[in-house]
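Structure record follows, encoded as structure tokens.
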Amino acid sequence: MVEFLNIFIGGLILGGIYALIAVGLSLQYGVARVLNISHGEFIMVGAFLTWAMYTFWGLNPLASLAIVGPAIFVVGFVLHRTLFTRLRTSSASPAAYEGGSLIATFGLMFIIQNLAIITWGTDIEAYSFLNTGVSIFGARFAANRLTMLLFAAGICVVFYLFLARTRLGKAIRAAAQDPETAGMMGVNIKRVLALCFGLGALMAGLAGSLLSMCYPIRTTMGLEYTIIAIIVVVLGGMGSIVGSFIGGLILGMVGSIVLYIDPSLSLVAYYFIFILLLLVRPTGILGK
Amino acid sequence: MRILEGEGVSKHFGGLAALSNVDFHVDAGEIVGLIGPNGAGKTTLFNLVSAALTTKQGVIKFKGRKITGLKPHQICRMGLARTFQSVKIFGNMPALTNVYIGSLFGIPAGTPSAYAAKGAEELLEFVGLSASKVTPAKDLTLVNQKRVEVARALATKPELLLLDELMAGLNPTEVAQAMELVTKIRDRGITVFVIEHVMKAIMGVCDRIIVLHHGEKIAEGTPQEIANNRAVVEVYLGE
Amino acid sequence: MLEVNNINTFYGKAQALFDLSLRVEESEIFALIGSNGAGKTTLLNTISGLVTPASGNIEFLGKRINGLAPHIIVEMGISHVPEGGRIFNEMTVRENLEMGAYSSHAWKIRWGTLQQVYEIFPVLKEREKQLARTLSGGEHQMLAMGRGLMSRPKLCILDEPSYGLAPKYVEEVFRIINSLREQGITILLIEQNVRHTLETADRACVLENGHIVLDDICDNLLQSDHVRKAYLGL
Amino acid sequence: TMVLALAAPLFAAGCDEAEPEKEVIVFGAARPLTGPFAVYEEMAFGPIYKMWVDEVNARGGLYIEEYGKRLPIELKIYDDGSDMGTMTSMLERLILEDEVDFILPPASTAFLFAAAPIANKHGYILMGAEGGGTTLTPLLPSLPYYFGVLNYSDHYQMPVLADILSDAGIETAAIMYLEDLHGVEYSGVAGIELTNAGIDIVMTKSVPLGVMDVSSIINQAKTLGAEAFLSFCYPDENFLAIGTAIALDYNPDVFLTGPGANFAFFAGVFGPAAEGIMGYGAWNTKSSAASEDFYEKFIALYDPGLLDWWGHNLYYAGLQFFEQAIEEAGTLDQAVIREVMATSTFDTILGPTWFDMTADGEGGGLLAEECYTGQVGQWQNGVFEVVDPGANRTAPPVIPKPAWPAEE
Amino acid sequence: MNSVASIVLNRSFQLGLLAVILIALATLPLHYQGYNIVRLLNIFMFVVLTVSWVIFSGSTGYMSLASAAFFGVGIYTSALLGDKLPIAVVVGIGALVSSCVAFLVGALTLRLRGIYFAIFTFGLVELIKHLTLWWEINMEDRRGRLVVYVENDIIFWVMLSILVATLLTAYFIRRSKWGLALQSIGENEEAAAHMGINVTLVKVITFAVSALFVGASGAIIATRWTYIDPGIAFNPLYSFMPVLMAIFGGMGRLLGPVIGAIAFTYLKEELGTEFPELYMLIFGIILIVAILYMPNGLVGLIQRLWIRGFRRQDADT
């Protein structure tokens, strides 16, 4: 029973992280059509801001979510309004835009990382926060990881409700399917796309904040997280927020089980499951 | 001679029976119409015949040979060509290249490419597009894109041609021209199987009409018989 | 109500509309006729802001609208039902309709409008929760029109609403257009079903190669030799 | 137009320039300024070679008899982006195109392995810094220009650890190692040495780079009741292991992580929880007066959090040795300097320092065992004490380690 | 038209110039031993990777991120066999093994489309990497291996031959019926199938052919790297780089990827050595500016300038 809980809740925690990392990217690619290679850099910046505020000002990492999120949102929004909007209007076709924006985000990745290296150096940073055990029916878990899971789940649910229920959320979904027609319905497409990009960045920033509570951070860590995010998003089905969530949980559970059996196989298992699932469902779990 | 025949053809999408147990046939030299309300399964039938979709239920034979289970390119090389309801052209290629590809690959290997190129030009003229040879296909109007598709299909030297809603969006005068085109295709010795919603055209060119409704065949006969069939009037024609 | 003055529209270097002018009066059905590629869709797209004219002037209710973004034009009361309907396949019927009422003034009163739309198209109420992509062709077109109405337009632009529809639904479409007019909505219509259109509309103009060649009340056009020959196939 | 594209690089093939009068000595290196290994540049060899160059230049440079004057040192550092292909190319560029006088090593064991044959081929002395390993030992005879300074698994660390553990009466140990040359070597050697010392290895688990959860391993070690937990991973995984052990309340008598525990900032992150954790190294200000001086110099220049209590004094000593060998040789001829390095003993912050050469002095060498200030360290009251048995010891090991502190 | 231009555009002139350059390149190591050999062979390698990528992905629109897998397979072939067989044979085996892997992968996955295919192939690289790692550690109790040493000029010649083979293949595929089939698959695969094109066969074979060159260049470059392990051999960088270089150069014509790879490799190295602390920043800015102002890549820009140059000349005369 305890072992089962260890694996199960461990899987939830990992899955929660994966989902949180992926949801923002899913939004950016699914709606704004930008496969954001610099996604991980936003995670990294979120993590470093949180770390810096904790170390230098003693600010509670959970409280810093409220600062990091909006700050990174603004950056994402402005980036889209300037760079990507320009790119979109000057691109000959949607495919050309996707290719172009891929390159542009590569560029962004280099720029953000270099700026971060100038600011924070390349060494490892870490802090200890809520690092105590919490017992759930006899199984013990680190409090910071549970907190991260709770916040990740909360953020994802709020975000899902926002998309499903609100006027803006519906506009975002409509824009994801057919931006031009959404424009004809009265949606300010430029703003909605920028909003999506900004929200994606915001989710990345929050993910970074939460991750920094549990893992050491480095300014060069971004790409690793981008890769995880892309994998989860594709696994879930492009543009499906719920899919990303499910994809994250599946990978998390698989990871947790394999870590229990043989940790050295965990990454082999991730990629194996990923490849297998794609072969069975060529457009992801919830793709159409 | 039956150039195309199907027995007990069925297709399900999840729980939805898009086609159930349809028997049909097309004789060589005929123009056969396929009509039915939206969503009746007409395009699905074409997709099965041309192997764009596969099914395990039922048998489809072309020129007496079973073709279920074959790949689209094999069916094309046997002499069966088609156009698409939602056009599928090679958008960034000039109209002429679209047709040229048809003549290059649809015919037996070893044909000199100069011959194929000539055939392509001739066909483009046949569908009335010789003026737009070099225009990238995506810049043509929808109707002209459909004509490119017809020329491209003809370029593969088919014996049977499937036309899916060639006449949608045409005004009556243009419909008349399109009808003429269909007749001319038949006059080249090509059997034609058409889906249309434009009654005037269907009634005008077809020798025989098959009516589908909810994936089932509800009527079959000459245009006259179909126009007077009560079930057809009720579910399809209206009034 | 809508006044188009001397607009010229280009796709890249190719000119699609030449010095084109027309007027649509309040509460009428105004039809555009023309062979394929004549520029009808281009004209509608220019009016609703999807394409920007290179020169000329478009006024709606006395205000200049060319150069404005589509979402602002919708707010001003023009609703465009595009070629093929272009409904949001992955959203439910209800959500599609709500999207139609996205513009701020329509959003506040969307529940009322929704009931009205359901009255016009009772089928849509039955299918409320269904994903739009599972609708039949006719229902699909009804949804597109219903969505157009949700923005409470003063002017409704319909681009070939009967495209690809079975004959039975084509009748239905014209019935709906008539009932819209009865509710006082002005209609700008493109249809290939020329006879039916000219019998339904008040006035119409004939577009050829980006030029307007005829502009008259429909009864006259039905008598015109040119129209009879080129568009009615007589 | 195809032609033009192919022609372009040809123009780049420049012609030789006449050699100017020698004014500076150029030291070149391909270092990971970016990418996953960039952390080495900031926390390991990076600060040391910069500090050393500044010091030498402050003295006016290296005195080279051949030129009859002091020549200042200039650094030429290229970024290898943590990519092997780039590193090997950059190294050859430094040697062939820039014709630097000396090279400094790239970072990480694998990169050292790749760099050693290249340096050797061109007859450049390569002092090894971050990395080294048992796999290199059999190759040493064929690499006369290689001089490794860092201690590694069978290069005295594991035998010493085994002694410490058996002295303390530890009977069982659990090993977690990274799927990486470092992890594989350490776990392999630990298996041999600990078993020889009569310690039962109850668990050996490997984890992939980038692992995000090690609770199952910690849980298992806890269930098996392993008295010693040895984590042969990099800081990322080691931090995770410690954090998880604290949360899961697994407090073995010995908790060793390396590399990781040897960095000064480690104690900052874990605070009181760092108490009693062991790592490799080691040196501290008590090791010798020279160590104390070195420490003072370092913190005058850098954030004390960047200190490495394992490698820093070794890298610095290596450079001091290199520097004296060059001056002693009185020329920039690498072959001559190599002979001096292979046969001499110089004073460095480690005291008298020399290399144990292979193949009767014809092969490459490793820093002699006697020169090290310590092999195993342990955090005690905020100091990384050397706990080796013998003369190097600065404090006796605390085994069992204190309990994890309660979170306040 | 202007006479200089007409000479430059003359076919036999171009071929002649090409031959001269080729001979100049081939004989370079005979009288020169410096770093430019290394620089050139690195450039060649990236041109090979990029052009191979374009052979398949450029026309079909299937964005493959599997290059690193084929490259790594080549590298490992070299590491395992390099000391047992002559280097030319090793390179050949590397090419064939990569090609076989590509064939299998292609047969399995080419029904995936768009981003799914791209990320699948990426996942594949990682899977192979971690499997190799697992196998080395658990079955052989080691990690990484040394690769046989080969002289730089030999590497140079082998790489040059691979380059020539790649360019010739790309050129002839582009001009053939086969190339048209690939292009039509990129435009609309379903329609292509209905035109009588055996799309599966065309895709899988092209994929396998393009992997030949990637594998070969991996096998030869490994000897320069001297020491490799799975992380080094299967580095996703070598999947991303060809894509970036191809887009950077422009994919409209064969020349685009070639120029893109040359310019990119050169730029990256020069920036990395001139401004090691800031080059990522500069590089990032260049990428963004390039994509904003050169929508058709470098060749697009060159073409534009070229045409403008002609206009001016024409106006002058």
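In order of appearance the chains are A, B, C, D and E, and numbering begins at 1 in each one.
We adopt the following convention: contacts are C-beta pairs under 8 Å (C-beta built on N, C-alpha and C of every residue); 3 or more make two chains touch, one makes a residue touch a chain.
The structure displayed is predicted, hence computed values, not measured ones.
Within the contact network of the assembly, the step distance from chain A to chain E comes to 1. Shared contact partners of chain D and chain E comprise A.
When the partners of chain A are compared with those of chain B, the chains appearing in both lists are C, E.
Seen from the C-alpha centroid of chain E, the farthest chain centroid is that of C.
The chain with its Cα centroid farthest from the Cα centroid of chain B is D. Note: centroid distance chain B to chain E, computed from Cα atoms, is 42 Å.
Centres computed as Cα averages put chain C at a distance of 74 Å from chain D.
Our note on geometry: chain B versus chain C, Cα centroid distance of 30 Å, whole angstroms.
Separation between the centroids of chain A and chain D, computed from CA atoms only, is 35 Å. Across the assembly, chain B contributes no residue that touches 2 or more other chains.
Shared interface positions of chain A, defined as residues touching 2 or more other chains, are 113-114, 117, 264, 267. Screening every pair of chains for touch gives A-C, A-D, A-E, B-C, B-E, D-E.
Of all the residues in chain D, the ones that touch chain E in their complex are 1-3, 5-10, 12-14, 33-34, 77-79, 81, 83-86, 88-90, 92-93, 95-97, 110-111, 113-114, 117-118, 121, 135, 139, 179-181, 184, 188, 206, 208-209. By the touch criterion stated above, chain E contacts chain D in their complex at residues 14, 17-18, 21-22, 24-25, 28, 32-36, 38-40, 42-43, 130, 133-134, 137-138, 141-144, 146, 149, 152, 221, 224-229, 231-232, 235, 237, 254-255, 258-259, 262, 266, 269, 272-273, 276-277, 279-280, 302. Only residues 11, 14, 33-37, 136-138, 140, 160, 163-171, 192, 194-195, 229-233 of chain C touch chain B when the two sit together in their complex. Of all the residues in chain B, the ones that touch chain C in their complex are 35-39, 85, 139, 141-144, 165, 168-176, 197, 199, 235-239. Contact residues of chain D toward chain A in the complex are 33-36, 38-39, 41-43, 82, 179, 205-208, 210-217, 219, 235-236, 239-240, 243-244, 246-249, 263, 265, 269-271, 273, 306, 406-407.
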